[in-house]
Amino acid sequence: MTILEILDYLAISVFAATGALSASRKQLDLIGFIFLAAAAGIGGGTFRDLILGQLPVFWVKNPNYLLVCIAAAVALYFTAHLIESRYRLLLWLDAIGLSAYAAVGAAKGLAATGSPVVAIVTGMLTAAFGGILRDILAGEPSVLLRPEIYVSAAMVGAAVYTGADMLGLSQIACFLIAMAAAFVIRGGALRYGWTFPVYKGRPGRHPDDVM
Amino acid sequence: MTILEILDYLAISVFAATGALSASRKQLDLIGFIFLAAAAGIGGGTFRDLILGQLPVFWVKNPNYLLVCIAAAVALYFTAHLIESRYRLLLWLDAIGLSAYAAVGAAKGLAATGSPVVAIVTGMLTAAFGGILRDILAGEPSVLLRPEIYVSAAMVGAAVYTGADMLGLSQIACFLIAMAAAFVIRGGALRYGWTFPVYKGRPGRHPDDVM
Amino acid sequence: MTILEILDYLAISVFAATGALSASRKQLDLIGFIFLAAAAGIGGGTFRDLILGQLPVFWVKNPNYLLVCIAAAVALYFTAHLIESRYRLLLWLDAIGLSAYAAVGAAKGLAATGSPVVAIVTGMLTAAFGGILRDILAGEPSVLLRPEIYVSAAMVGAAVYTGADMLGLSQIACFLIAMAAAFVIRGGALRYGWTFPVYKGRPGRHPDDVM
């Protein structure tokens, strides 16, 4: 297995776990767990493969990715009740998945097109897509609309990967610093409530601001 | 016309009718009827063709599928008021469409990849996708989150098709028993409120369960 | 640049602006502005390229489209507070984008398939898709469900383009009358509250109508 595949499995399994936790919060049945685990786990990569035109998508080529999602769903269906704060766990697993997916998405976008802009956007969109899809399907408020930094962490991770690759670093080094950058930012947002200045955050500078 | 095409038209026309019924509940205009009919009718198959990489998608290759959706929308725009319980009809048509789409999706997934896992997932996802898309677009609570069995019926139908095909049954037999299996399960869920054990359904075994 | 490219940039930049305005209404941070601007700006065209099988999608082939979205997001992040009625501006920009996208979508659908039905549906779906995606992501009530004419304007624009092309008019004439038709209809809906007869609009003729 290449480092890219290992990270892919990591990202997919933790995102699948967040989907299953979301299903547990909605009290769905086992198939509901599998459905949301698959949507969250493979949603981002499916979207990435579609826009890059690498079809059929990765989990049709290699169904092991689906088995990982199913395993995560089954495991959580029988153990989620043991976890005291499931939503908190969901957010931290989501942070790990976001970091790995951002780096993998940037790597695949760069490999497919050679364009840094495309790589950054591919990394950002695919990292954020699974979580957004999970929230829409589960009828939860989208993680996108929460004030804490989320998509930005994915974008930074993808940008760091792209920059490191252009500097000629080894692939494993690119992955490690990109994931670290994304995880530190998203983790800080979760732990300390980091936010970027939001739109309303500038009233002092614009007293004449009209809504 | 092959049996596959006949079932495709059946699934698409009944899903299109559910989209039109959804539009009638939201009191949209005729184009709103057509839009939701098309989204529900061809949504699942569009998703299936995208992930399998069979592009352009089926209704671009053969616009008759679109005409079926438009005809269903127009027919219901002028007749839906005659139906006493439109939501009940929507659910039963949805059950027929779900059964047919699960079998067709599994058949196409199997033909494209030869993988039983992919066939089951393709059948499940594409059968459920149209209804979920319809509910999201119409702003209705997703059928996915209702307690009665839904996605599971699609998964069973797809699994039965795949199993029957691997046992060497004729294609028409595969379709018939797969559709019957899915329809009996979904119909039972609608008629008798069948559910699988949901997450909360196990409190007795886990008195220390913490939400 | 061809007329098609110019209209593409026009449609994408105004749709991107509507996404950024939506982000300002939700008080997101700069990356949230970029994300919603990109979703609204390139969403419809991404969907169009996927269903037509023209992959990778247009903005992967030419990242300038992304830069346009990013520029629109940044510009509005710093200026949106100067605009008195942001939602009104959003609706009018959306109307311009809808008109341009309907014509471009019909042109690309016709070029790819030669089928008038496909061209009309492609124009309609891709023009409406960006705005619907924006509203779903931003958690706003979908523009699709508002009573005023919306999708219909896109459909008329796409149909006028297709008809004009079949009459042998020059491409620039096709674009101009198609965009004018769509914009007049959508603009009238915004300015004068034009609606088509909605489902409830026929109670007089059907006193026995049962909901």
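Order of writing sets the labels: A, B and C. Residues in every chain begin at 1.
By definition in this document, a contact is a pair of C-beta atoms (placed from the backbone, for glycine too) under 8 Å apart; a residue touches a chain by one contact, two chains touch by 3 or more.
For clarity, every value in this text was computed on a predicted model and none was experimentally measured.
S.K.: Same or different interface residues for subunit A and subunit B, judged by whether over half of the residue numbers are used by both?
M.R.: Subunit A vs subunit B: different; shared/all numbers falls short of half.
S.K.: Given that subunit B is a copy of subunit C, what angle of rotation, in degrees and a multiple of 5, matches their CA positions?
M.R.: 120
S.K.: For subunit A and subunit B, let me know how many angstrom lie between their CA-based centres, rounded off.
M.R.: The separation of the two C-alpha centroids amounts to 28 Å.
S.K.: Among the residues of subunit C, pick out those that touch two or more other chains and give their numbers.
M.R.: 50, 55, 136
S.K.: How about subunit A: which of its residues touch subunit C in the complex?
M.R.: So the residues of subunit A touching subunit C come out as 50-53, 55, 109, 112-113, 115, 117-118, 121-122, 124-125, 128, 132, 136, 141-142, 144-145, 147, 149, 151-152, 155, 195-200, 202, 206, 208-211.
S.K.: Considering the complex alone, what residue numbers of subunit C touch subunit A?
M.R.: Subunit C reaches subunit A through residues 23-24, 26-35, 38, 46, 50, 55-57, 59-60, 63, 66-67, 77, 80-81, 83-84, 86, 136-139.
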